[in-house]
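These are the structures in question, set out in turn.
You will see two complexes here that share subunit A, one where it goes with subunit B and one where it goes with subunit C.
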Partner chain A sequence: MTSRDRLGRRAFLSGGAAAAGGAVAALGGRAAWASTRPEEQPPAPDAVGQVRTTFRGERQPGVATPPPSAAAFVALDLAGGVDRVALRRLMAVWTDDVERLMDGRPGLTDTEPELAAVPAALTVTVGYGPGVFTAAGLEDQRPTWLAPLPSFTHDRLEETWSGGDLLLQVCADDEVAVSHAVRLLVKEARAYTRVRWVQRGFRRAPGTTAPGTTMRNLMGQVDGTTNLVPGRDDALVWHGEDAPAWLAGGTSVVVRRIAMHLDTWDELDPHARDVVMGRRQSDGSPLTGTREHDEPDLEATDDLGLPVIDVAAHVRRARTDDPAERFLRRAYNYDEAPPPGQLSDSGLLFVTYQADPVRQLVPVQRRLDEADRLNQWTTAVGSAVFAVPGGARPGEVLGERLFGA
Partner chain B sequence: MTTPTTPTRTARRAGLAAPAAAVLALLAGLLLVGAPSASAHDRLVGSDPEAGAVLDAAPSQVVLTFSAEVQEIGTVLALQDAGGDVVAEAQTAVEGRDVVLPVTTDLASGEYRVVYRVTSSDGHPISGEVPFSVDTADAAVPTTEPAPAPTEPGSASPTEEATPSATPTPTQSGATVEETEQTAAGGDVPWLPVVLVVAAALVAGAVVAAVLSRRRRPGR
Partner chain C sequence: MRTLRPSLPRTTRRCLALPAALALGAAGLLAGCGADEPATDPTPATTQDDGTQDDATQDDGASGSAEVLEVLDPWVVAADEGMTAAFGTLENTGDADVRITAVSSPASSVSELHEMAMADGAMVMREKDGGFVVPAGGSHVLEPGGDHLMLMDLLEPLQPGQEVTLTLTAEDGSTLDVTAPARSFSGAQEEYVGGDDHSGGMSGMDGGDMDGGGEADQ
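Up next, the complex of A and B:
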């Protein structure tokens, strides 16, 4: 072995160690969310790609599991004539596909089985829009909250990004895994559905930030500091045994597409941005504190006697004394090709999970709509609400407690 | 450009053209650096009562006038007495460029200040204060008796213009009107005097340099 060979070998090994370090960080970040912490051991170089998330259980994955870096939200409309039996059939196909894909195995009809070999923490979460209950003749099972959110003054909703009968939420730490899963599942459903909209989003790539780091959105803000904690706040997210059988272990998901007006946001100097938020863009700390997780002091005044956290600051308007008006946020950034004459088309897929969106989410959205300084630079252009049925227990087909076994 | 010029003057101009252009470029650069944050959003341009006014009767309202229409959102206006207690703060109305605070209490003699935070049309929060006093005991005193520093609110005070400082200070200590534009530190620094002084120094320097270089040239 020449010295040159040794050098090459050493360089390769240290490169591998760096990659492994990244994987450890990614797994550590996941542990902050998941209740079970994976065994500490030196991970393989492809550790990130080989992470598998459990599919079967009381709850569907993709809600309390840590948000991977890439996501696709696919809304589908039911084709005419699709009824309860057809829905049951589609759920059987999807259940089998999802279980395989999340385990790193190809679906039964997979034409690109090679792509399934890297699940990268893949999760698929299925949601039902109001149309499912109509098509299945199960209106009596439709929760009262399963309807479009009330309209808000600042909304400029586009059909292109709103509504839908079925939702496929596909997340993974690898975009190829997401694309492959979306392609297979949509293909399997083509006799029953047509695609209504697809919204893709991203967060930081695995291993790029320290475990437990709150995400940043494309306005630069630390986004989601005050969030529900899976495990601690389960009652606000999940339906229990008192819910209809199909909804036990289920929740609701609201997907809102929030466009950011970055060109005018750019004109605001750092201090003004902080006043708008009530938090510092630099580290997410409230203007009355020094660290991100310090509790904002809404009573504090400055030397003029004016509130330090402005009366219309986002953080003040988003807060509430009612502990029920909280929800689990799991947002993704989006950044699409801009239309002609525009510099960018960027924003946030504001995705929330809550047992009851009308009780928990709507009051907060209403307060923000009334007076939130941030409204000048953000506009909701899409909105959709879905019920997330309970998970597929061992041997079950997803949704069979609704559509019948 | 039809003004006839003698050949001599043209030649002299050509010799000064390069340094003059450099000075102009520098001046333009300085203006650009100083200008954007100040011109991008609205500012207080006047008030009734005026800053520093001594009134012989309590006002029934306070009106602040801004350089452009301000937004309703986030408007906070409060009238404080010398002890800092809020005397009036309810029912603030935004009427175009004016923000109006009705004063329903009959103010006793003493020092007062109106503190405000309004929202510029571009979304920029602006805050500051306007002090005035009420002196009902001696009604003979003219209402607009010169105050310690009766300035156009929001503009640089004469005190500062008289003693321009090369190092801008973020606070206007001693000034009657303190408008704290919510920009980064030094948001309301009177840039123009500073820029003018620096520019004058640069022009002087350039002229000296030009003259020196012309003197040296023949000796080469």
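Up next, the complex of A and C:
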């Protein structure tokens, strides 16, 4: 049962491109993540736990692979004196342990090997912040886009949630698997790094919604209807062979922590909420359509000649005529203990992947910063940018095309 | 970065060479002196005292019982200086038991085979008399809290992710080179009980705190 599940998973992952050429494209942005597993026998009781995602390959996992239900984003800062050789050693450690963990095997020094037996589609994705290139003496290899995003008017960024030299993105359909992997990888790195911040997030649990259902955020909105489709929009996500060797098969990841002001959001009645978004909270459909994936008609006017979709509605402001200003979203909700006197501390880990965040993401963020009704109820409190090096090919250490073999 | 805590002064450590008497003729015997063959010289590590290896050849130099030996998942505890331990699973694919009688490493001036045992009511580690027997078609686990390889005196800091070569010597003199990556590890803090009358071979060798350790990465 297990091996069949694994085969099914792999077949699905590698089959995304073929699927995207046909039916998926016609769905207007419905991701290749909208997989349907062939109906066979009922799945094994532990099927979710035994799903394994392939670690080795041209690309790191955790980007184009379906987003599992739980995620931890861990930013680490390099300790003083860490240089290129030390980074190479750290990558050797992580490469080995990540490969084991994703395969459901204990880490090399695992003191809780029992926890590794349920990988639950575990993926670990490693990113490099600007500081890596400084420490390694490889500034000439640092992409020009690898820098903090420009500051936006509505940002209230906190150091607590911003920056970082290294990123570990750990995702799985099981929080124990995430926790165990984070603990192991962080403690294996302790000679070289210090934890800067940890942001945990969640989506719907596996088996609770139909495959391909667009996630909902904690404001209730269908979030991510218009998204890149892995396999179809690869050029917008991945660097190819024309990139530096270490970046071929790589991308960038931007992690922004968007606080939601749910107490004031609660004051809006359903209609007002829909006006803010330009979409209906009920089913995500645009106010000019009836289904989630209907294309919003930004020209449509009502009986009074007013735009059906408000001039500052989120969906209008986020739209662009430039097809290059798109990126792959893979967001997670967060919900932490509130500070004294408040009811909640909730929001969205807005996580995007794109070949070039300055070219693709920043223009959209700038437009939203200039005018977006949603800004009244959301505030970016954290922001970090990392380069995601190409995957570890068979026999390779992650990042060895940057740090040296 | 951490250091395995040497719990006794250096002068109490045992010296390297396993007594010839330990080269048993009959594998499987727990003790005895069937040493009618010349003692294999457990190649003194000092011949390759260049710290961690740079161009480590991975091919084992096995030409005997070590040929049927494999070590799964070897690793060694990263340490700045002094002692550190190495672990892994010894697997014997042959049809005869293999007795490991010595270990050496260019990373350490002295290396030993150790076991955990009760002494005076407490678990301690000490050199294992007779070495490790890996049963035919079976395995022998080296792990924290159990049998392990002990690098007694690191020549250079051993950083996480760095690799060291460990050379296991079987009783017939055949050897197996193993590449073990170093990892940060908090465990394996056992008390060490060295031989109480072995103090030779260590003088002038307390150089575990050399600078660097940064250049040689396999």
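Note that in this section the second predicted complex is superposed on the first by the 364 of 405 C-alpha atoms of A that agree within 3 Å, B and C clash if a C-alpha of one lies under 4 Å from a C-alpha of the other, contacts with A are read in each partner's own complex, and residues count from 1 in each chain.
Methods note: a contact is a pair of C-beta atoms (placed from the backbone, for glycine too) under 8 Å apart; a residue touches a chain by one contact, two chains touch by 3 or more.
Everything quoted here is computed from the prediction, not taken from an experiment.
Chemist: Could you classify subunit B and subunit C on subunit A, in the superposed arrangement, as clash or fit?
Modeler: Once subunit A is superposed (C-alpha atoms), there is room for both subunit B and subunit C without a clash.
Chemist: After the superposition on A, what does A:276 contact: first (subunit B), second (subunit C), both or neither?
Modeler: Once the two structures are laid over each other on A, A:276 reaches subunit B alone.
Chemist: What is the contact status of A:306 with respect to subunit B (first) and subunit C (second): first, second, both, or neither?
Modeler: first
Chemist: Of the partners subunit B and subunit C, which touch A:151 in the superposed model: first, second, both, neither?
Modeler: After superposition on chain A, A:151 lies in contact with neither partner.
Chemist: Taking the superposition as given, does A:134 touch the first partner, subunit B, the second, subunit C, both, or neither?
Modeler: neither
Chemist: Quick check on the superposed pair: does A:268 touch subunit B, subunit C, both, or neither? Answer first, second, both or neither.
Modeler: first
Chemist: Under the stated touch criterion, which partner chain does A:160 make contact with: subunit B (first), subunit C (second), both, or neither?
Modeler: neither
Chemist: Working from the superposed arrangement, determine the closest approach of subunit B to subunit C, counting only CA atoms, in whole Å.
Modeler: 54
Chemist: Which parts of subunit A are touched by subunit B and by subunit C alike?
Modeler: none
Chemist: So in the complex, the part of subunit A that touches subunit C is made up of which residues?
Modeler: 83, 85-86, 88-93, 96, 108-109, 111, 187-192
Chemist: Under the stated contact criterion, what part of subunit A meets subunit B in this complex?
Modeler: Answer in residue numbers: 264, 267-272, 275-276, 304-307, 310-313, 371, 373, 376-377.
Chemist: What residues of subunit B sit close enough to touch subunit A in their complex?
Modeler: Against subunit A, subunit B makes touches at 37, 40, 73-74, 76, 78, 80, 84, 86, 115, 117, 119, 122-125, 127-129, 180, 182-184, 187.
Chemist: Which part of subunit C faces subunit A closely enough to touch in the complex?
Modeler: It comes out as residues 1, 73, 75, 78, 159-162, 181, 183-187, 214-215, 217.
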